[in-house]
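The structures considered in this document are given below.
Two complexes follow with chain A in common, the first pairing it with chain B and the second with chain C.
For the complex of A and B:
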């Protein structure tokens, strides 16, 4: 006990500095999450009253019995998997290209051009993408028409809407992942590549067995961050499709939002809580798998 | 001593004299944007003539935020003095808080109110409680772009068949003369449940029918022959007829307005609140004409639809409740209603000066055509929003894969809605 008090006394300056941020984190980070979880155990009609009626796990049971939610959850997982792979592959490819000797002239321009969408307000960017996809006046279909290719249904086709969103999100996010890869590439030990080269390793072997293992920190960070980002996909849906057509892009975040609109607060927060748990489990798993691989 | 007493007395009088002039502010939360803010400013100036020192400050929020802020403020005793919005939105506030004041006695205290009918008061009442004082009827007419209409005969379409002919012409005959096939017969919306069903409501009620999906007794109406006819034609508008933009399945209000204001839609909904903006030189410049919704049967009269009733509500925990009630009563006076008409384009009084309004605004202000009121099923069936969401989902699936024959689709939809309504009721 005395030892604990001594330790606190010794670290009082540390605790003093940490305190304001800890309070802010609890107040604006943890508390709203706990409140949201609390609402998920209440009857929707009384959910926002000072003394709500608690219904136990009834909202969760209702949500898991809802086929639209289950379809939405599986759609979210598919979209996340595709988006994470596409974004990371695209970002890694461009990072490798920009870090290589292939592009020396205009290197800074290409870096800026690829990073610019990241700092562009997402809503503005997605509105422009919506116009690009527009079937009556969009630039994309105008181009396809000129080159004699069939029109792209884009956001209004239920088989193409998800791909259309994925491309727009790729444009918006890939630059961020690319910067992380570029930073990691700049820090790599180039003598290992030279040694491998002297030992007769091919370009592919040098990339696969020398460069890629050194990119593990960036891969872990980018994978975890991308998983969190795409599991929570929302803004692009609100701006471009509103969950349609025929639920083709109705991801969990947006479905929960729709229920808020119908005053079904209990079910909506139950969905948000389930999504929160899914995000935590998947991102922690990805992180642990990555870390375990690094220790080997 | 006497001098001191006189000075003290004078001081007390001076303080007492200033008391009635003490500044007092009422705060109103609404979602009417800049026009609404101007309206409340005008009313504040009028109200101050009888209540010196009282000002009314209004804050406008986007509708989604308005809900959240009002619910949390009423539940945490940080309510504004008054809230202003559509009746069905105030119902939701009352459902979630139970803290909207019953305005029956306040309304009884208004001497001049003969212009409000039984229908208006029915709309203002929820579960025996008068939750709003009706201030603005929300009228929605059928609009046609006038210059396009003039190029195609100039006759405002009265029947659905006439609308179809005109819609095809607007789509195919390059009505804007720019040499490109970039125009549509109509501008509608479909993305969210309320988007699509609201459009269907207008065609249904405007053509003389009542109860788009469910009647007050809880019976599903969509497969009744006259309802099925409207629903089938409505669905074809989005699919086989190709009268709307192919992206309409993803369009909500914002995108629908882009089509209208961007000069690409020939026929559309005109709300009384749209007219002021659309009269503007940089918008439609008054290039539209309004009328009743099209007829689907010769024996049923068509109408302009009263799609809502906006009203003023007072929270139980309003900080200045007595004064807030006085202001709510004041909003029915001629001066306040005149300001409403001039700033927002709607009112409930019929004795207002409309001479300063554009002919398009006058159409609504004078109520030139038969009016029919929407039935607000959400005020009777608490499960309605969930039922409507399922109905929307089903209709969108039909629009995405149009069946060769819509009749079995409508029959199947009706059965599904009956099953769901029964389940939700229980």
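For the complex of A and C:
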């Protein structure tokens, strides 16, 4: 005990340095999370009072019995799976193209074109996409009409709304995954490719067995980031669809927010806790699967 | 080395693919810009026109008041909130990450680091909901201060500083201690001068990220008086019978400063974001 106090006394200047960071982390990080978990065990009507009524796991039971939530959860998982695959495949393909010997001049222009949407305010980007898809204002259907392709229902179609969101989100995020792949590609050992080439490996074999294994670090990072990113998809829904048409894009975080907006704090925070658990379990397992593969 | 005809074809194909994809990615910006200068009726009759009929800035005076608040208030809020939260973020995160890297053994430091890591894993929009309750309890709802404080913490800032401080060789600091330097002297004379470039990178990235923020600002605000440009854009976009040309003009105002800043500092931004992510 005295040893601890002594350590604190001698390290007091470091406590001074860390103080503002600690205050912000506790006030706007740790405390809200604990509060959120606490509220998830209380009755919504009393949640904000000094003495809330505790209801045990009733909110969780209510959430798991709610067909809208269950549909929303499976919709979120499907959307996440599709988005992760689409974004990573696209980003990897484009990074390979830019890293290849085929493209020398203009490399920076292509990089900038794909990365600019990453730093563009997401609200502004999605607002523009929302109107691009519009049937009367939008450029997309006007273009499809000119080249003689059938119209794309976009955000107004029950079956196309999710695809429309996926495309807009890919536009916003793919550049980020691309630069991670490019950083990894720049660090690879090129002599291995030459050796494989001399040994008579085809281009496909060189890519599959020489280059791809070296991209494992970028693949793990991107997969974990993309999983976290798309599991909590929110802004694009608020800007473009508000969960519609008929719940076709009502993902968990948006549904939880709607409940919060209606004052159903208990259920909203229970949903938040469930989504948090899902995010942790899925991203940790993706990470562990990736790491185990690396050791083999 | 002479190229074979098949190589030339391959090359043309590669440029065509990269070019088409890049133009598709850039087209929304062009469309936004052109639409901001075209009357709504003109866009409806021909959405694909590549240039406006005429250059006319009157739309910006037309959207001079949005939601009962002057446009320049949103601009000012964006500059104020983004600028101050960036400054705060750099100072607070640099000092915090430095202390945590130098003395991870001190009581409570390990807990603090884990607390921070869990907080950044928590789905952001769901963290914001309890933050509303915290702001309510602290009496910060509806204030600029509440928004600025909340935006001052972020994962990429912390990881960039942590990575940088870890890379400072221990011998440099030990030598200074042997020479009798105090911890304050080590920080101000040795560490901070070499941390200037990384601080610039963190400031740049934080500015870009915080300019785009909207949800925490919407939640902490009690009225449009504390809205920034993206929040104003969102509320304008949600109105019924919306003014399409006005929305595009506001989107241009929201995007343009950030696009210019990014293009001026693109190398630093892309490298910084990549290395901050690789660490996390």
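Everything that follows uses one rule, which is that the second predicted complex is superposed on the first by the 269 of 296 C-alpha atoms of A that agree within 3 Å, B and C clash if a C-alpha of one lies under 4 Å from a C-alpha of the other, contacts with A are read in each partner's own complex, and residues count from 1 in each chain.
Here is the rule we go by: a residue touches a chain if its C-beta (ideal position, glycine included) is under 8 Å from a C-beta of that chain, and two chains touch if they have at least 3 such contacts.
All figures in this text were calculated on a predicted structure; none of them were measured in a lab.
**Q** Could you classify chain B and chain C on chain A, in the superposed arrangement, as clash or fit?
**A** They clash.
**Q** State whether A:258 touches chain B only (first), chain C only (second), both chains, or neither.
**A** A:258 contacts chain B only, not chain C.
**Q** Kindly classify A:156 by the partners it touches after superposition: chain B alone (first), chain C alone (second), both, or neither?
**A** After superposition on chain A, A:156 lies in contact with chain B alone.
**Q** Which holds for A:245: it touches chain B only (first), chain C only (second), both, or neither?
**A** The answer is first: A:245 touches chain B but not chain C.
**Q** Does chain B (first) or chain C (second) touch A:48, or do both, or does neither?
**A** A:48: touches chain B and chain C.
**Q** In the overlay, answer first, second, both or neither for which of chain B and chain C A:213 touches.
**A** After superposition on chain A, A:213 lies in contact with neither partner.
**Q** Which chain makes contact with more of the residues of chain A, chain B or else chain C?
**A** C
**Q** Let me test your reading of the model: by the given contact rule, A:13 touches which partner, first (chain B), second (chain C), both or neither?
**A** Only chain C; A:13 stays clear of chain B.
**Q** Of the partners chain B and chain C, which touch A:171 in the superposed model: first, second, both, neither?
**A** A:171 sits against chain C, while chain B stays out of touch.
**Q** Based on the superposition described at the top, state which of 60-68, 132-140, 204-212 or 330-338 belonging to chain B clashes with chain C.
**A** 60-68
**Q** Where on chain A do the contacts from chain B and from chain C line up?
**A** 48, 130, 136-137
**Q** Along chain C, where are the residues that touch chain A in the complex?
**A** It comes out as residues 10-11, 14-15, 17-19, 21-23, 25-29, 31-32, 35, 40, 43-44, 46-48, 91-93, 95-100, 102-103, 105-107, 109, 112, 115-116, 118-127, 129-131, 133-134, 136, 138, 149-150, 152-153, 183-184, 187, 208, 211-212, 214-215, 229-231, 233-234, 237, 244, 247-248, 251, 254-255, 258-259, 262-263, 266, 269-270, 273-275, 277-278.
**Q** Which residues of chain A touch chain B in the complex?
**A** Those in contact with chain B are residues 45, 47-50, 68, 130, 133-137, 155-156, 158, 240-247, 258, 261-264.
**Q** Please give the residue numbers of chain B that touch chain A in the complex, ascending.
**A** The contact residues of chain B facing chain A are 64, 71-72, 75-76, 92, 95-98, 182, 184, 190-193, 245-247, 249-250, 252, 264, 382, 385-386, 389, 393, 396-397, 400.
**Q** Hey, which residues of chain A end up touching chain C in the complex?
**A** Listed in rising order, the residues of chain A that touch chain C are 4, 7-8, 11, 13-15, 17-18, 20-22, 24-33, 35-36, 39, 48, 94, 97-98, 100, 102-103, 106, 108-125, 127-132, 136-139, 142-143, 146, 171, 175-176, 179-180, 182-183, 217, 221, 225, 228, 231-232, 234-235, 238-239, 253, 256-257, 260, 268-269, 271-272, 275-276, 279-280, 283.
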